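Following this line, the structures themselves.
Shared chain: chain A. Partners: chain B in the first complex, chain C in the second.
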Partner chain A sequence: MNAARKLACVVVVGVCAVSLAANWLAPSGYAKQFREAPSAPPSHQHRLGTDEVGRDRFARVLYGTRISLLLAPAAALVSTVLAALVGGLAGYLGGIWLRLARGCTDLFLSLPWLFLLITVRALLPLNVSPLLSVLITFLILGLLGWAASARVLSTSADALRNSDFILQARASGLHGPRLFLVHVLPNLKPVLYAQFWISIPVFILSEANLGILGLGVAEPLPSWGSLLRELEGLISFREEPWRLVPLLLLIVVMTSFQMLLSNEEVTA
Partner chain B sequence: MNGTGRRAFLRLILCGALACLALTSGAAFSQSGGELRFCLRSEPKTFDPLLVDDDSSLAIRYLTGGVLVRANRKTQDLEPELAESWKVSKDGKQITFKLRHGIAFSDGSPFFSDDVAFTMQRLMDPALHTSTGDAFRSGSGAVSTKIIAPDQISILFPAPIAGLERLFDQVAIMSAHSPKKEAAVLGPFLVAEYKAGSSVLLRRNPNYWKKDSQGHRLPYLDSIRLDIQSNRDVEMLRFRRGELDLINVLDGDYFDRLAASSPGLAHDAGASLDPDFMWFNQVASAPIPEYKRAWFRSTNFRRAISQAINREDLSRLVFNGHAQPAVGPVSPANKFWFNNKLKAEPYRPDSALKRLEADGFHLQNGALFDKTGNAVEFSIVTNAGSKPRERMAVMVQEDLGKLGIKVNVVTLDFPSFIERIKQKFNYEAAMLGFRNVDLDPNGQMNIWLSSAEDHAWNPQQKSPETAWEAEIDRLMRAQASTADPKKRKESFDRVQEIAAEQAPLIYLVNQNALSAVSSAVEGANPGILSPQTFWNAERLTLNASTRASR
Partner chain C sequence: MLLRKMLPPKTQLRKIAGHLARKLGAIAALVLLGGLLSATLVRLAPGFDADERELDPTLNAESVRALRQSRAGEHNILSFYAGYLRGAIHGDLGTSHALGQPVQSLLRERWPVTLRVAGVGLLLAWLLASILAFTACLGRRPAFEILGTSVSGAFLCVPAAVLALLSVILNAPGYLAIALIVFPRIYRYSRNLLAKAYTFPHVTAARARGLGEIRILAWHVLPVAGPQMIALAGITVSIALGASIPVEALCGLPGIGQLAWQAALSRDLPLLVNLTVLVTLVTLLANSGADVMIYMLNSSRSDGRIRPCADRNSAIVNAL
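Let's look at the complex of A and B:
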């Protein structure tokens, strides 16, 4: 592991650890409104000031980071598993299955995702708790975000299918699910890892986009999307630089995720 | 001074006077042309002036529709437009208009009394379901028209309608004969181009009848570009960059920033007529649990919710003090019709809890339960993109949380939101604002009549489902059926009292009328009545040099 990856690892682990310690670091919670101090600058009581309705921004950043950093990998896992099933199997089976899978992925990729997400979000039941709404949001992202990864995986699996060691395994009498699980899937690991790591920032940003449209995680639960939404009204960075903290955190974490990829995974 | 010198001096004065006259008379004309740009906050739902029901369509109707009489948005007086005069019969059932001569629609079709007859017949067609038409429904029976001459028409109503002439401010006349139908207009502008989701381009109506005092045909502007932009931050940014000339309704925090940096561009016209409010779904067929419908139909429950909301905080935090706690359907800014006996509901959580306990609700481990043991939880839907409304919803969530009520705030894109509250009724509580375009209570018939489409909490009732709604129906019809202002005021005062007692709509705040007008726009005079900044659009001019320097 090179120094850059080590640093990235430390950053991601550090940010995760701090966000998990939110209960101790920000005991006032993310929802409490200090109405006597709206839009307050940083102080001893509110380290990053307060938002427009007086909620402690430091607490919201910590809890928002926790939500985005825990649920984006979960959504990435869902999408990578789906991609492995659809793309990996289609590539392994080849022929009509491969063509069918590629047709499906092309169709999925050509859909107007933002509008589809907004529509799906609008169709959801209204009376769900904020926590459930955030789970649903990331689950939708995971369920809808598999196509690009599946396309990559199908190509890799297709190449593996015709490789010498697979032919040898077939000649040795190994076939069916066992061949897929023992020889194909392990060799798809670098691609799967790469797709998993790449998906995380994509889902974080997708949630952020939905948040900016006001359609992301339900209030009062914070997420990076809803925190970034505060920047919409920022006319000058100099006036309130502390409001940029969520954006800086997003940049640092996204960069760290990219740096975490090994050379092999980057090539894959 | 000798005779020659005096003559020369007089000539000089005369020349000077003529030069001044020429300069002043040509001032507006020399600045003619150009494209005014501002934003619509949502997609216009319709271009049919009789079906208008949303803010964006209202703005387009105002700019394109020709009306018989127009309420001046500044003086609040009625002014003749397509009708040069009018007369209301003593019994208040009939109005006779004398129309102007030589007026043509934008496509060249001439304007006569049969166009007015056609418009009224279409407006009052029960199959059309128009909120504009609801205001004219004061009694059962058909509305008839009688063409006296090509330039004279009488309209007869089955029952007297008070303030009748003022209602015609909302009726854009359509052509009875033009093949272009609603695209043929009598207003200063016409719809030239519509790009769904992007913009509406209005061009000057070449046949617009109005001229300025120097005889120049209005409007001065060549066109108006209305960009469809729901994001108010983007709207503000574009205004600051000089890409937009007007912001019709400005949020409090932006107003403060703009006032700090460019005080001349920010305008506060005081408390507006427009309330923001929330309500509970009381529709019998709505897909919500029966026990929740029972809460929502309970007066005590609604009043308790109203008392548990801190309106002072809403005004102070969400609008930076540029709003007043709302009292009811009439803003205190409406001096004549406002019921002075009423006050905004004060923040009284203790009293709210007592009301809830009277209905069998009880607190248990910090959570509120009804008498059958159901935890009190409901969702408030509002439209995404409106930051003030989203913030208000979050504050209401916190206020009600103190009573042990769990509130889920849901923001939806505008079409989905409207579909839920108007068609499917698949919601529990909603938060929205009304744009009052008229001072007269007749303008609110579409809200208060139980049969009306905009009777938000339980629309289009075949017959009033509650005694108090029946009473409101009777009072609204009574005030609309008499020409005596005192009797009308008494009736409408009582409507306001019932609205306060029953709280079918929980009024939150009346925002101040805040707007922004670019220094390049000349002739703007923002007021509290909608449309605040462009009510005199036909007389607005653009100063090209100022605009270029922005």
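Let's look at the complex of A and C:
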């Protein structure tokens, strides 16, 4: 691991650790309103000032980071498992199953990602509790984000199906699920890991886009998307630069993810 | 005479026509399937049966019954979709619940805006990405490489909606935001393609023979990277269409992206079905156009063994 990747790793772990310590670092919580100080500038009491309804922005950034950084990997796990099931199995079975899976992924990939997300999000109720909105948002990301990974996995599994050691295993009498679980799946692990790590930043950005468009996590729960939505009222950068902190944090974390995902992993 | 020389032979033309027919068939099947899928999702969506107008206290029981009766045909998914298709064939795409206007007129009004904004954005993105990618590969200096990678990397880290917001704050046009959203994806992929093409032995041999850089690029690098670049061009149409949603919604541009956003916020499900079919059709046509171009390019080569789908598949996976 080179120095840049080490630094990126430290940044991601550090941001995760700080967000997990939100209860101690910002005991006032993300929803408490300081009604005597709405839209206040940074002070000793409110390190990043307050928002329009007087909520501590520093607390909201910490809690929002926790939600985005913990749930994006959960969504990535869901999408990777789905991709392994659809792509991995289709590639292993080959023939009509492979063609069916490729047709299915073609269908999913034929729609722009953000369009697919907002369409499916719109089909579910928008007026739900904040907790349910978090679950819906990240579940949608997980359930819809499997197509590109499934395509990669189906190609890898297809190549494995025709490999010598699988032929030998077949000749030795190993068939069906056992062959898939014992020989195919372990060999797909590097691709699965790569797809899992690639999905995390994609889902973080997607949640941010949904949040800014008002289709993400519902108030008062914060997430990077809902925090970035505050930029909508910004007239100039010089006016209230502290409002850019969530954006800077997002850029730092995303850059770290990019550095962590080396070329070899991305193309694995 | 010259035109006849430029055209592929008759057998190849027949092959290309067959390929085109297969592609069009696949597009039609995928669009119909996509429409059915979205109609099914719409039908299963919670609150599909509810109509806010039923809550109007001025309506009597008979009017409420008439309202319910008007939606009775939408209960069965297949009959709902068949009715939609029947209407679509006759040019009737239904009426938007939220905007109270025929969907057809909404699409007709808004499509040119998206076409202009996304089209100009796409052109700018390709121009910027190509300049940076070619400079990085031709210059062969770490400075160009670092500049291109860091600029594209920075834009990749920013959500599309934030770039749209920033364009509003800075009074920049919407197409610029689309260009900045699409450009890093084009740059990364095309730079990698060009860099890979430059490592081939025939390029080294050409260099050893003293060929100029421009000639090497035009005759030895671009023909290798070309098919995948064309595939990427097809994919970028889809990326630009996706980017047009936040850009049009936040910059106040009355295009298809803004319409999709409004339909999503107001849960205007009939409008969403139509938009899904339209966007699927445009994306598939763009991808298939790229496929056909690659096929024609490969057919005109002596080996003709490169499969267009392989180029497109790798472009999809790498660009998305």
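Brief remarks follow.
We take it that the second predicted complex is superposed on the first by the 247 of 268 C-alpha atoms of A that agree within 3 Å, B and C clash if a C-alpha of one lies under 4 Å from a C-alpha of the other, contacts with A are read in each partner's own complex, and residues count from 1 in each chain.
The rule we apply is simple: contacts are C-beta pairs under 8 Å (C-beta built on N, C-alpha and C of every residue); 3 or more make two chains touch, one makes a residue touch a chain.
If you're wondering where the values come from, they're calculated on a predicted model, not measured in any experiment.
Among chain B and chain C, the chain that touches a larger number of residues in chain A is C. Once the two complexes are laid over each other on the shared chain, residue contacts for A:35 go to chain B alone; chain C is not touched.
By the touch criterion stated above, A:255 is placed in contact with chain C alone, chain B being left untouched.
In the overlay built on the shared chain, the residue A:122 is in contact with chain B and with chain C. With both structures placed on the common chain, the touch criterion links A:10 to neither chain B nor chain C. In the superposition on chain A, contact of A:100 is made with neither chain B nor chain C.
Residue contacts after overlaying the shared chain place A:130 against chain B, while chain C stays out of touching range. Common to the chain B and chain C contact sets on chain A are residues 118-119, 121-122, 126, 213-215, 232, 235. Chain contact summary for the complex, chain A toward chain C: residues 103, 106-107, 109-115, 118-126, 148, 151-152, 155, 205, 208-209, 212-215, 225, 228, 231-232, 234-237, 247, 250-251, 254-255, 258, 267.
Within the complex, the chain A residues that touch chain B are 31, 33, 35, 38, 52-54, 118-119, 121-122, 126-130, 133, 213-215, 218-220, 232-233, 235.
Those residues of chain C whose C-beta lies close enough to touch chain A in the complex are 30, 33-34, 37-38, 41-42, 44-47, 153-154, 156-162, 165-166, 169, 238-239, 241-243, 245-246, 249-250, 260-261, 263-265, 267, 269, 272, 275-276, 279-280, 283-284, 287, 313, 316-318, 320.
On the side of chain B, the complex with chain A involves touching residues 231, 233-234, 236, 240, 253-254, 257, 310, 313, 316-318, 377-379, 381, 384-385, 387, 390-391, 393-395, 397-398, 406, 408-413, 416, 426-428.
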